[in-house]
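The letters A, B and C name the chains in turn, as written, and every chain counts its residues from 1.
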Amino acid sequence: MLEVRNLAKTYGAVVAVQDASLALTPGEIHALVGANGSGKSTVIKVLSGVVRPDRGSIRWNGAVINVASPRDARRHGIATAFQDFSLIPTLSSVENCALATRQPAKVVARWLDEALDGLGARFDVWAPVETLTVNHRMVLEFVKALAQNPQVLILDEITAALDQEQVDCLFGRVREQMSRRPVAVLVVTHRLSEVLQYCDRVTVMRDGRTVSEHPVTELSRTRLAELIVGEAEGSGSMDHAGTAPPVGEPHVAELVQVSGRHRVSDVTLAVRRQEVVGVSGLQGQGQDELLSLAALFDHPKKGEIRIHRRAEGESEGGRRTIVPRVSQREIARTVGYVSGDRAHRGVFYRRSLTDNLFAQAYAMQGMFSWISLSRITRQTREILERLHIQGHPEQRIETLSGGNQQRVIFGRLLLNPFTFVVLDDPTLGVDIHSRRAIHQLIRAHREGGTLVYSSDNDELIELCHRVAVMFEGRIVEEFTDHELTTSTLGHAMLGRTVQGRETR
Amino acid sequence: MKWRGWLSRWVPGFPGIILIVVLLTVNIILSGTMISLGSINDLVQVGMPLAVATLGQGLVIIQGGIDLSIGGIMSLANVLIVVLLPTLGFWPALLVAMATSVVAGLINGVVIVYGRVQPLVATLAMSFVASGVALSLLPQPGGSVATGVGVYMGTFLGFSTGIWVLVVLLLLWLVVKRFFGLAIYATGGQEHAAQRNAVNVNRVHLWAYTLSGLIAGLAGLAVTLEIASGDASIGASYVLPSVAAVVLGGTSLAGGSGGLVGPVMAAFALTEVSNVVFSTGVSSYYQTIVSSAVVILGLAVANIVKRRSSLLRQS
Amino acid sequence: MVRSWLEGSRETWRAVGFGLILLILLVVVGRLLIPGFSSVRNLMTILTLAVLLFLPSIGQTFVIISGGGGVDLSVGAIMSLAEVVAAQLIDGHNRAVLPAGVFVLALGGLVGLINAVGIWYLDIPPLVMTLGMAGIADGAALVYTNGVPGGAASSVLQFIGTGSVVGVPVLILVGVAALIVSQLILSRTGYGRMLRLVGTNRSSAQAARIPVGAIIIATYVLSGIISAFAGMILLGYTMTSYLDAGSQYQLTSIAAVVVGGTPLLGGDGGIGSTALGALVITLINSIVVSLHIGSGAQELVDGAILLLVLVVYGVFRSGSFSAQWIRGVWASLRLPKTAKGESP
């Protein structure tokens, strides 16, 4: 039995955890849930020896243990799969596992392939980890933690980039391990369905405190959501986009028989003004490539991409068509982009809120433009107010919680009404509060059209007028209105139509 | 599956190996003589100081740093041997020189780990200190070394002594790599991830800089045996070429990847460049231009080839 | 107003404070050790020397801010090349200054452009690429002069290098002007704002449509041009040309940037702090030189002080000088014992 008692941790003036207590029982999967900034990750970091608490103790079967470093954590049999990874990018998967398990690489190579295969991830285990996709890295991070044969296994939002099938396999593996030896498992996740489906017990954190603990059987989805937010949640969260699909509006983006260099082949898709179009599919069916093509980051190998921008100063009729080979500045003016991969595709840590907000605006104005500090500071204040974020324009962005960081990035869409907005899993790892706020921002984007990918089908159903499902690089099915349900999407994602026949 | 792993581990050393082969061929064509064991032994002798310096540099770079003090420490070792030789004799003088080199390297490590100074500037400052000490001890080049030169210049089983020393050092590296390799590569690859894997990164840094100090001392010994006298500024010209050789040998400056065989080959290749330029008989003014251009072109070609091959793999 | 002018992050501020304290400390030490050290005339001399270091350090700062291991080891060689070529072209004639200046700046820009091409298009690490170009520029100076540099500065150039206006050396005015202009470029132009973002996170910059390649290329070209300009100024200061007049600036320009508080990982830092860094290094240098202790001991003391400054600064900057830091040092010193049998 691993117990955490009265944990507290402050970073400078920021109180991360005020008072957290937690008890893990071997043989049980325990979920730790809470909004972003509620202190979950700090608890995890303390347990894995990455961060030292100001106060509080960790006990193993009643005796206080000292977890002052990752080495101590390892000595006590605590293994963690980190959300932001503990993989060495330059080493291969085999070497990474060898490093973690202290086994020779030869031994690791013998079991690794098979272990990964079981979780739906096939790739070259000798390739450097930096060449792997996020999905593969997450699977590897999990396999690596499990291979340490721990007494306490901590999974920190490890499922965020996995698809449903993989999550299923993953928890299957955890249960299998538990049947062999009594492991205490702690899972941190934002997906409530995972908590209800796979976990035995749940502890809720709010504002740096653990507020309650429940057996999962006593909870419903709504009750759990209420506990996290700390208030009764409105029941309308699963509604459709709310507005009728815009029928007469002109197309803002057209992909005509587009094929990419990797997976995408022969995709035709159009987005109208005021329309929100979703893209769904299992991991690795070419969604990421499609998005990067649509956002004009890549050139298509075949086919055509056209984005129609209303020409400046002209009436409704005058339009300007943008193709991939136009200047960066022109693209900057036309296409907005927000990714859930904040650390790599969004946020500039160590920089001010102003710079984070204006990044694309600088690009629009070009290298030789003169920037008026008073003007951008004023505009930042306005946007922060509209986003309901407490903060100073000069404040560094890492002082905000993850959800608020993402909202600042969405502020770029408020700053410039882009003709076409591409969103790549925009609420990945974002708490319920911010997620709702972000959804409102997406719906409020009336100037142009939106293309959104999400690993969470519920989110697509909630947001989109229309959802295209990808399978092996192609769009196999499109759903609108009442056809748009979890089950239809789920079927199509596996490459089957609703009737159950193969579409290939 | 497996051969790819082998390939990915050996490919990084390729540019260095290919370069030396190309340059040797060029030299043969230009000078009109066939390659002989003798000419290889000559090359090894002349290239030895840079090759050894590159070894230390490579080690430090792989674990995620850089060592600009190698030259200063080389000079210091050289001067110490020459100055102490008359009073202490060869071996004690050598011992003092090596001990001093180790201490200098250790100071680097301490300053970088506990003083939180960036390696580039910390070792730069150390290079001032070391060459300053060397210059104070021996303001004018001079002195002479006789002991050991004969052995060094001689051959063993037909190969120059230097080759054997180098082979021993490289074997030592393989042993180090076998037991500590992952920790070294992990620290260089991403320090905080290495920490999460319970690697004691501070200890890796300390060891690497200390070892690099010792190896720089050995490079100083090699240069002493080659010129058989003392010169307080002899090491300066080896610092940046050692960095160039590491990169040319396929080891990334970012750390965490590559090896040491390629860099050592590249070090000899850089030495061979001067031989080639010398045999063409052009003005020595062009010397730096040519060797710099070779480094740049070598890297450019290697990168273009790498990009091509990765594109091929994708399609 | 002042705050936005010297706008920067908290660490930069701490660095500036640290630099100022250091500056005062050094002047006091100099005054105690050397008679006449704090005379106006001597301080002016030190300031002019600091400007000569500051000028190439400006380009260095831009390059270091651009991140990705960015560093420019060719600044010294470009300075030497510019000085030698300008001297030969001008050869004492005032009317030749302008065309020679344009030519020399273009030459510096060209070297910078080649640097940028190698770094951006061919993925050559900046350290090695700029080092290679330094070798080529040095060699080019040798070939151009055939080993015997000739020519001389003209009276205008001499006035810039050694003259003074109402008691203030012109060089100091040049330094102040360069400080203002480059700080404005960094904080008020699209280029400067984007440069910081590129240095902070390249992939996020790409996602925000910032033209990363153009920014990087512009930065190295700028550094080349600035170094060439510094070479011209250096010619005015020395009046006749020497072959490797600029080589001493190759590494000290980096030291100036770092002592000023700009970390080498990119994104952070500013021109003001680099000016402070250049001043600190020049002060240390002048104090050590005035001690007349022989060149070896000079270099030794120079290096030791630099090391000390960096350590004190490194410990202070991370805000980590505290009981916890001492505990941490103690803990890791002791670790090898407790970690027995667990070695990786």
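Things to note:
Everything below uses one rule, namely that contacts are C-beta pairs under 8 Å (C-beta built on N, C-alpha and C of every residue); 3 or more make two chains touch, one makes a residue touch a chain.
These numbers were taken from a predicted model, which means no experiment stands behind them.
Arrangement of the chains shown, judged by which pairs touch: all-to-all, with no pair of chains left without contact. Across the two candidate interfaces, B-C and A-C, the one carrying more C-beta contacts is B-C. Chain centres here are Cα means. That of chain A falls 45 Å from that of chain B. In this assembly, the C-alpha centroid of chain B lies 28 Å from the C-alpha centroid of chain C. In terms of their C-alpha centroids, the spacing between chain A and chain C amounts to 42 Å.
Across the assembly, chain A contributes 71, 99 as residues in contact with two or more other chains.
Shown for chain B are the residues in touch with two or more other chains, namely 182-183, 198-200, 252, 254. Contact with two or more other chains is made by residues 339, 342, 344 of chain C.
Partner chain C is touched in their complex by these residues of chain A: 68, 71, 75, 99, 102, 297, 328-329, 331-332, 335, 337, 339, 344-351, 355, 358-360, 362-371, 373, 396, 412.
If you check the complex, the residues on chain A that touch chain B are 48, 50, 69-71, 73-74, 80, 82, 85-92, 94-95, 98-100, 109, 113, 124-128, 261-262. Residues 69, 71, 73, 118, 122-125, 127-129, 131-136, 138-140, 142-143, 146-147, 251, 254-255, 258-259, 263-264, 294-304, 306-307, 310-311, 313-315, 317-318, 320, 329, 332, 335-336, 339, 342-344 of chain C are the ones touching chain B in the complex. The part of chain B that touches chain A in the complex is made up of residues 1-2, 4-5, 8, 182-183, 185-186, 188-190, 193-200, 252, 254-257, 314-315.
Chain contact summary for the complex, chain B toward chain C: residues 66, 68, 111, 113-118, 120-122, 124-137, 139, 179-180, 182-183, 198-200, 202-203, 232, 240, 243-244, 247-248, 252-254, 283, 285-293, 295-296, 299-300, 303-304, 307.
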